[in-house]
């Protein structure tokens, strides 16, 4: 069985569309998006709401999960990095994890064929 | 320490209830649901909103995370597959990952006892 | 390359702020929050809505994902456990996973330097 | 002096007409608030279009059938594209539209949009105008002395009965009943919008009932309208209190949406007799309405197993009937409790039965014909995904993360 | 001619009564919009029920105490279940309900529903009618020449003072103050609904102030009402501008919810004197109101450490008092600025102090008695989970993914 | 009798003024509902403040320029801080504010708040009053017999044209057009609030058009207002039907937001001639309006590539012009179809062209001067994050999980 890998990309929400297209282009057909709140070097802001301090320190981020097998992890990482980099804090992070197995519910196929 | 495994199931939101019951029945007591947006073979649609093209290509999906130890992974996978399969695109995918440890906050128990 | 670990903490939403501060204090600078629905020993409730039964069995929970390298996993777990424990069901669980790699998009740094 | 009377009466009726128009917003908010977000735009659209289609049809045909020279007590001599004193037209139009729009809530979340338009067409063309003629147009019921001041029967019971038939012919929403027939809760998506709708309706009802005096030029008119405001308000208030109390006892907690329904039930119930009952009578009618509506909604839901997402049948049909009959009991002049004997009560009951029969029959035909021709219900998949996306290609809350 | 006057006056007051009723929708929207979604249905329910309970009690008892034959300047001769010219009753009912409903916002998100009902009962039964008698019912303040045209003091200050006492007795929401006493922001869940509420209130206020002329049959009435519309509108506009400017300076950004409060503050402040000040006077009163409300809300929040989620105390109590006193300064007839000396100003101040004392005292007793018997506040767990689920068994926004 | 006439006319105009005021709530809801949640509070704030600033400026200066003694047909003799019969002032103020607030929707989601305030100042100070003088203040257009009963041109076309210029000078929102110029959908955040806004506007329009009779004391007035209610309602209904049908054909599905725009388009179009056309004429004008608005909105969006998030240009400018010109065709007295020849039509067209030119020119100058001095547009980052956070430091829906 080929090695399967899960890649989590956490980045700015406004980059979602571009990233999706870039990943499509390198042959990734499936991905899952979720809305998360991030806390990192990019600091939130402190505002006044009705005169009281209002800390907005969890920033809206988007998380993209992709499990790949045939497409090399490095390619995904470099593609994502390229699309997402603005050079300012908040560009986000990419996490890579080993995956043991994948099953495609519709067909019951397993492993690489499921992707 | 027994082997612990995390299973992520991504599928149609309307199946959430059925899946939860099926997993309960095979002895799974804990699971975590989240609302995600999926992009896969099942294509979104393109509509017109006020005359402009409106692509709805991220479809609402539900992600169920379950960490198991005593319950065999295969049983979870086959149970889920059975409940979720409609044969049409969009049935979803199941991803399996190794888990190193689990801690139950309330008791501090670790590993299999935490589940 | 140092060992990198991902820690998922699932707990009560009202503890989010305290947990964030506690983790900050032990030197964790990045984390990602998401709103999930949990099903565990803590049972939901059954209400009447317009005379019909209304089961609210998925409870709102918060999931915190932290990837650490230098900060020891045990410290994270013990810190979280301490902050989160109330002794009542619903305190939540902590899951630990191996992580293969981390990339910081802004700089392209990899591994421990990316954290 | 005659002129002055005409002017004063007209202006009052016009102000009231505007208020009654605004009830459309109330219905739209109640119906969308009490149903799911995936159908929010669709239900709005139905509310908007039944008013629009109804306005045109009632002007073109309906008004004539309702108020034309009486033909045998059954309908008015047809005449098309009303012309004359337009104040009458606009006031009657907004009443017709109220009857028509009640149905959309009961049929929400599963009715084809095009079919709903067809239904709207016919209720404003025929169903409402003809029984309206019996009651207000000089037809047989009015000749018998049937008293339905502002339309508990003519408007609300009719709308509620059409709603019952529509919801019955359609069948319940997917997931509303378990295989073993238990009714499941399908909570609405915005209690705040629903409540706003109820406040708007209550506000508009001052026009609905007060305007039905149709005159505001004599001391009697002025006193009457003042009393109508009070009876209307007290009935609604008592009904809200009653519904809250009943739900608190039955479900252990005071149910918000049912209490909102309660207020509406009181308003519907007092509509027939708001001019002829005392404030005490109004309070009692409200009390009865508030108690009744809870049981009526449960009965429709659990016994009849008709899926009425917003409680339109319990609110409008049941309380429309109740309020109309109660005129026979509480009318100061002719009511049982005031020594008037059972004559009025009998006429009131007869009127209710007749209009109910008429409505059930005609709408049963209409909905079945629609069902057999263009089809009444969307496909399972459309229902699952939601009518907003499937029928209108849009999301009502595009920026929000929706659950399920 | 007498008859005509009666009719014209009555119809005007009824139209105004409907508008003032609609303010209930405005309050409901402001209060729910400015608080959290987990309590949205509960606050709606409180608004609905204080109106319902108040309508019944005020009819049954309150009106009599307020407008019955004067007994020693202190209260009216009790009489029950009002009968007479019902226009007076409905108009006064909606005013009473306005005072009552102000409190719910300040006590939002932590008050037991049942206890709130008890409070509603007593404010409509006693607190409002009695001081109302002093001012409008022929009581001692009115005998002294106290001028409170539409109720800056009788309605708003009273409601705002009851709100202050309620919020004080209850204590702050969990998480509102840090251990070291810093005030934390707890943002409301829907600025759009809150803003809608403000627009509805502003709209209804034309009825509130305009209707308080209680007559619309002479040239003087017509001119007066026209001027009242202008003074009312200008005060609100200036107050919104002022509040926006102050927040822009103090917080670096124009604060939306505070500006909305500003508009309301201007409306409250002009209510006492809308008939006796010039438009310029109204604009200045609005300006003062808009500035004051920002500091008042901050003072209540940060210095008094009373947690008032919607700013009811700053808007209604403080600006009710301010506006009433300003009558003594800006009244064309009797105001300090127009050479009227300090007589009127003194009476105005006296009235404010007296009604304030009355309200603080009586509501302090009421809230403490409730607190010691049935309890005023929900449990910590209920507050954390939310009152919608815990007290009503439902979610107001069942389809939406809620954050925390 | 004169007195009675004065009173009756005044009270009617005041009731209408309150209704027209309430349209502000309608605009606020439409504009916020049709745009994204991250800018919801900002657009609300703009609506609130353009009304507030406009109320003050129009009172201080604008009214004088509009209704002062005619100076050469072009403007009224300036006079400051209106005093006189205040009914005229309040009624005209709410009309001025309607024109002003139209712009905010077209410029939504990217305009600096402070710059918007400056624009509000000038439109109420100069742009609206001066062309208003031409039409209603005794200026040159009124001398030519130009007929714009309630302001299709004076209010709506003017507001819509200012909206066009504003949106044009600003440029489109980020992401509205792809690199190759295709228009992308940016769905609004709440169709329900948008629809509520449309219902509120429709309701208020009965005051807008009905109140413009400015009299309600003679049989003629009463009949006229009754007919105005009918023409107004029918035009809106037909336009909604027409817009729905056109979108159904063009986009395969009936578009909700466009149908809502359709109803508004019908209302705008009938405003000029609601008093002089027959109900049939009104229905046809509505039909034309409903068809036109769809194509107009597409034209602005796709051909002119001006980004108007709420369709203000299509609704107000295009249909304001259309409705005004149609008076020349459908006016019973003077219209082409009624044998009146082309005289009236010519005057109507001339008026439209003149006011259009005036508005385009003056607002082009105003927006460009603002742009070159304080800047008209927020930074890219502010636009991306949202104006609520960046300009007001708050979130409109703090409890909800927002997508994107």
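Read from first to last, the chains carry the letters A, B, C, D, E and F; within each, the first residue is number 1.
The definition used in the following text is that a contact is a pair of C-beta atoms (placed from the backbone, for glycine too) under 8 Å apart; a residue touches a chain by one contact, two chains touch by 3 or more.
All of these numbers come straight from a predicted model, not from anything done at the bench.
Shared contact partners of chain D and chain E are C, F.
Residue-numbered contact pairs of C-D overlap by over half with those of A-E, the repeat interface among A-F, A-E or C-E. Chain D and chain F touch with mostly distinct residues; of the residue numbers seen at this interface, under half occur in both copies.
Centre-to-centre separation of chain E and chain F, using mean CA positions: 33 Å. The distance from the centre of chain A to the centre of chain B, each centre being the mean of the chain's C-alpha atoms, comes to 18 Å.
Each chain gets a centre from the mean of its Cα atoms; for chain B and chain F, those two points are 51 Å apart.
Those residues of chain C in touch with two or more other chains are numbered 34-35, 47-49, 54, 97-98. Contact with two or more other chains is made by residues 4, 8, 15, 187, 190, 196, 251-253, 255, 257, 393-395, 397, 400-404 of chain E.
Chain pairs that touch one another are A-B, A-C, A-E, A-F, B-C, B-D, B-F, C-D, C-E, D-E, D-F, E-F.
The touching residues of chain C, when paired with chain D in their complex, are 47-54. Looking at the complex, you find that chain F touches chain B at residues 182-185, 187, 247, 250-253, 255, 257-258, 294, 297-298, 301-302, 311, 403.
Residues 6, 20, 29-34, 67, 97-106, 108, 114 of chain A are the ones that touch chain B when the two sit in their complex.
Residues 384, 389, 393-395, 401-404 of chain D are the ones touching chain B in the complex.
Across the complex, chain F is touched by residues 4, 8, 12, 15, 19, 36-38, 187-192, 195-196, 198-200, 202-203, 206-207, 210, 216-219, 221-223, 225-227, 229-230, 233-234, 236-238, 240-241, 244, 251-257, 259-260, 263, 278-280, 283, 397, 400-404 of chain E.
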